[in-house]
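Listed below are the structures to be examined.
The same chain A turns up in both complexes below, where it pairs with chain B and then with chain C.
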Partner chain A sequence: MSTLKIGTYENRTAFRPGAEIAGKVLWILDESAKAVEVRLFWYTEGKGTQDVELVDSVRFDDPPRREQREFRFTAPEGPYSFSGKLISLLWALELVVLPSEETERLEIVVSPSGHEVFLHKGEEIEITDESAGQPL
Partner chain B sequence: MGVGAKIFMTIFALVFVGAGIAVLVVMLGDLGQTADTYEWKEAPCRILSATVGEKTRTDNPYRLEVLYEYDAAGRRHTCDVYMRGYRGTDDYSEALRAAHHYAPGTEATCYVDPSDPTRGVLAHETAWKGFMLLFPLPFIAVGGGILYALWRPRKKRPDGSRAPEPISAKAKKGGVTRWLLVFFGVFFVVGVVATYFAFIRPWQRIQDAKGWAETPCRVKDAWVGEHAGEDSTTYSIEVLFEYTYHGEDYKSSWYSFGSGSSSGYSGKKAVADQLLQERQTVCFVNPDDPYEAVLNREFTSEMWLGLIPVVFALVGGIGGFFTLRSIVRRRVLALPRPGVEAKPVAPPAGMPQAPSATGPVLLEPKTSPVMKLVIIAIVAAVWNGIVLAVLLIEFVWFILIFAAIGVVLIGAVIYQLLACFNPRPRLTVSTNAAPLGSGVELRWDVSGRTERIEKLAITLEAREEATYQRGTNTYTDRRTFAQLTLAELSDPREMLTGDATFTVPPDTMHSFAARNNKIVWCLRVKGSIRFWPDVSDEFPFTVLPKDTRQ
Partner chain C sequence: MRARDNPFRTERVHQVRYRLLDGTWGEVMRRLRELDYRAAIVGPDGSGKTTLLEDLAPRLAKLGFTTRSLFLNDRKRTLGPTERGEFFARLGANDVILFDGADLMGRLAWARFKRRTRGAAGLIVTSHRSGLLPTLIECRTTPELLDDIVVQILGDGAGLGELPHRLFEKHQGNLRDALRELYDMYSATAPATDAR
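Presenting the complex of A and B:
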């Protein structure tokens, strides 16, 4: 089992559209690999069949067994990270070793506010209010 | 994937692979028996006799029975094998044509087994049978691929737990889409070819047969052929009749030009019984090829079943079109591979398009009432047409359930027809794609008899749409998460025309459309009319992400 690490500078996990997503990856492979990739992508979770979209990637071919490399992406204008009652959309960075597909993932948020968008914010407040029996 | 789903998918894949391998083994065995004759040596031979054997009321009732002699290994041999694996045919004219081709005394070429000169054949199995081996291969490939994906060994963590799989690997790649294109392409080609043989060709033959010679003929036998399927048995009218054309005697087994069989026994039995009772009747003989003759040259109701492959062609054509469109769009959005340095990236798939027009834009309804009427009318016509066709062939009780659904569909057509006479709302907006938090000017006009509308409401709505599979069915769940009332009117004069300004909520989600998950924004017009279908129109509206340049 290889050791894989992925991290962003200043441990940032929230990015506004257009912001730079930069950090470092480290790998210590227990066997030689064809390539190592850092991927920026979003995926959905929830009731609908999962959608996954690879937005950007950096590939390091014929990687040495032990290495530390830097990556930089630009957060696109969207889609925003959001959470609804049927669908949630999440952004993540993945470090993937090929062809074994060993992986390490770091979840991030892409939105103008730096927080994921809650679609049913109003409804949730209403429900909490009723159940708690006191004003929020 | 849960344990239950994994077990289900494994069983599904095993069935796929198992069925594919079983069919392949049977085909290989069958082919192996016949293919080795291609290695046999050519030898001149002389036909001693050639007749057509008849064994009506069985599968492949007609058979070329041939006897020929040839010299091999210094001796004369006689043989009666026409072709390895030959089991006869259900088309008498095919066997008769071959019998006339190998008339007694004809010098022909046969093929002799060099290791056993007593074994010979007069003809090879056609080579296209080898191509049939390709058919089970997709089953094995699909099943094997699923099994590999489910059970391929994955690395484990030091604590023994399974290492996570990369989610990003599930991103749709061009290769998958191209395979989808091949899949739909095969569907389309198979649909078109099957439609040609099942419907177009019989129809062409009916047209040709209008010029065929009406000739007296005698029915030798007539019966109902039974064809056992997986779920049910289908039937066909089988016949053998003899006729004389230009002094030559012929026989044919063509009742009509329809190919295949269908459900419904009694109607076919009545036809067969009547033929047996009458015996003497007329057939229609092709003057250019007197081996071809048919008893009934009319279009029969069963022939409509030959249009069923059109569904395959449509699925293949429409699926192929949309797959091709997605490939083209994906190429437009192709992302650069920037290396270590960050570069601006193109908007990812699923993102809304910038405004297509500036200035006031007239919004198009999602589906116009006329379009809804056309769609429902087509569905009702196809459904009721099939029900009627089945009823014409034979009455069966269970068809009443389908007929009841047909009546409901007719009711839906009438409802939608009435809705076409409703007042029509038209919405004009200052832009058809507005960023979150921006202002939009809206103007509405309602044409027609607005006085019939009791209450009219115009709202801005946003909803989640999640599409998922359950079994073989596809479902879409919808959940509204934003609703902004822009106008609520009860005075018909105010309904005629008016305007409003609204702000798109700033802290919510913009429009988004992935393959299975969507965020849909729309303007909705609802008007209630007493004793009449309500006005209910949806106008898609695009909400863009916040303008970050501001």
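Presenting the complex of A and C:
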């Protein structure tokens, strides 16, 4: 099994819309690959059909078996990370080896507060803990 | 409870794969070969037809086939001209078509579809009724099966007593609906913020 690592600078996992999402990926591949991709995407979990949307990606073709590379994305304006009782929307960074599809994932939060937005009774949007003090 | 923490969220339930109540996978694949890879998986709603169809795909791939998937459901009751055109344009002699919900096609459309897929290596469909193709398996469920699935999802020793049996009866064996009700029950256990 290949070794795959993905990390953000200062281990940040919360990003305001428009903020830079940057970090490094490392791979040590068991066998040669066609490409390695870093993906920024969101997906849903909960009751019903899952939605997934790839928002940005960077691709490294014909990668060496062992390498460390930087990646840099801009956090989009939305959708925000949120959770209700019926659905959660989660953001993640993923390092994917192609064509084997070996994957390493890092979950992140995209929201104005740096925290997941919770939908409460009546599914009204409430942004919690606005001043949580996390440097964003 | 947050949707992402609900043990009965769709993504978690989808990790539960089809369990054969009768026979073995070897027997299923042997019968499929005898039927020349043209067969139907038949059963009522929530009996595991789609899951079984999905679980055939890697087994067919191991035999060297390429699988091509199509589906119809209540929200998508026909194959659009673009989808149909692209599908047939790329259909090869090594392809086995996995068609979920084939019984939603009209009779004439189904007859045409069957004719146009003659050149493919196989056509396996799911259907609520028998008759579209020779039956490979009739899917059925039992209260014990629902019990086993609940234990698999919640972990060993975390059964829910008689509840799965009651839900099985309430939903007349439809495991999908029973598991959705369990989702609702769990989602009501605590406010979303408690899970933070």
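One rule holds for everything that comes next: the second predicted complex is superposed on the first by the 120 of 136 C-alpha atoms of A that agree within 3 Å, B and C clash if a C-alpha of one lies under 4 Å from a C-alpha of the other, contacts with A are read in each partner's own complex, and residues count from 1 in each chain.
The definition used in the following text is that a contact is a pair of C-beta atoms (placed from the backbone, for glycine too) under 8 Å apart; a residue touches a chain by one contact, two chains touch by 3 or more.
Because the structure is predicted, anything quoted here is derived from the model rather than measured.
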> Superposed on chain A, are chain B and chain C clashing or fitting side by side?
Replying inline: clash
> Who contacts more of chain A, chain B or chain C?
Replying inline: B
>> Going by the contact rule set out at the top, does A:41 touch chain B (first), chain C (second), both, or neither?
In response: first
>> Quick check for you: in the superposed arrangement, does A:49 touch first (chain B), second (chain C), both or neither?
In response: both
> When the two structures are overlaid on chain A, which partner does A:71 contact: first (chain B), second (chain C), both, or neither?
Replying inline: first
> Which partner does A:1 contact after superposing on A: first (chain B), second (chain C), both, neither?
Replying inline: first
> Which partner does A:17 reach: the first (chain B), the second (chain C), both, or neither?
Replying inline: first
> With chain A superposed, which of the segments 112-120, 130-138 or 238-246 in chain B collides sterically with chain C?
Replying inline: 130-138
> Just which bits of chain A does chain B share with chain C as contact spots?
Replying inline: 46-50, 84-87, 119-120
>> If we count contacts the way the header does, which residues on chain B are in touch with chain A in the complex?
In response: 154-158, 163-172, 335, 337-351, 462, 464-469, 477-479, 481-482, 507-510, 512, 514-517, 519, 545-546, 548
> In their shared complex, at which residues does chain A touch chain B?
Replying inline: 1-2, 16-18, 20-22, 39, 41-44, 46-59, 69-74, 76-80, 82, 84-87, 89, 92, 94, 96, 100-103, 105, 112-113, 117, 119-120, 123
> Once bound in the complex, which stretches of chain A touch chain C?
Replying inline: 45-50, 83-88, 90, 116, 118-120, 128
> What part of chain C is in contact with chain A in the complex they form?
Replying inline: 1-4, 6, 9-11, 180, 183-184, 187-188, 191-193, 195-196
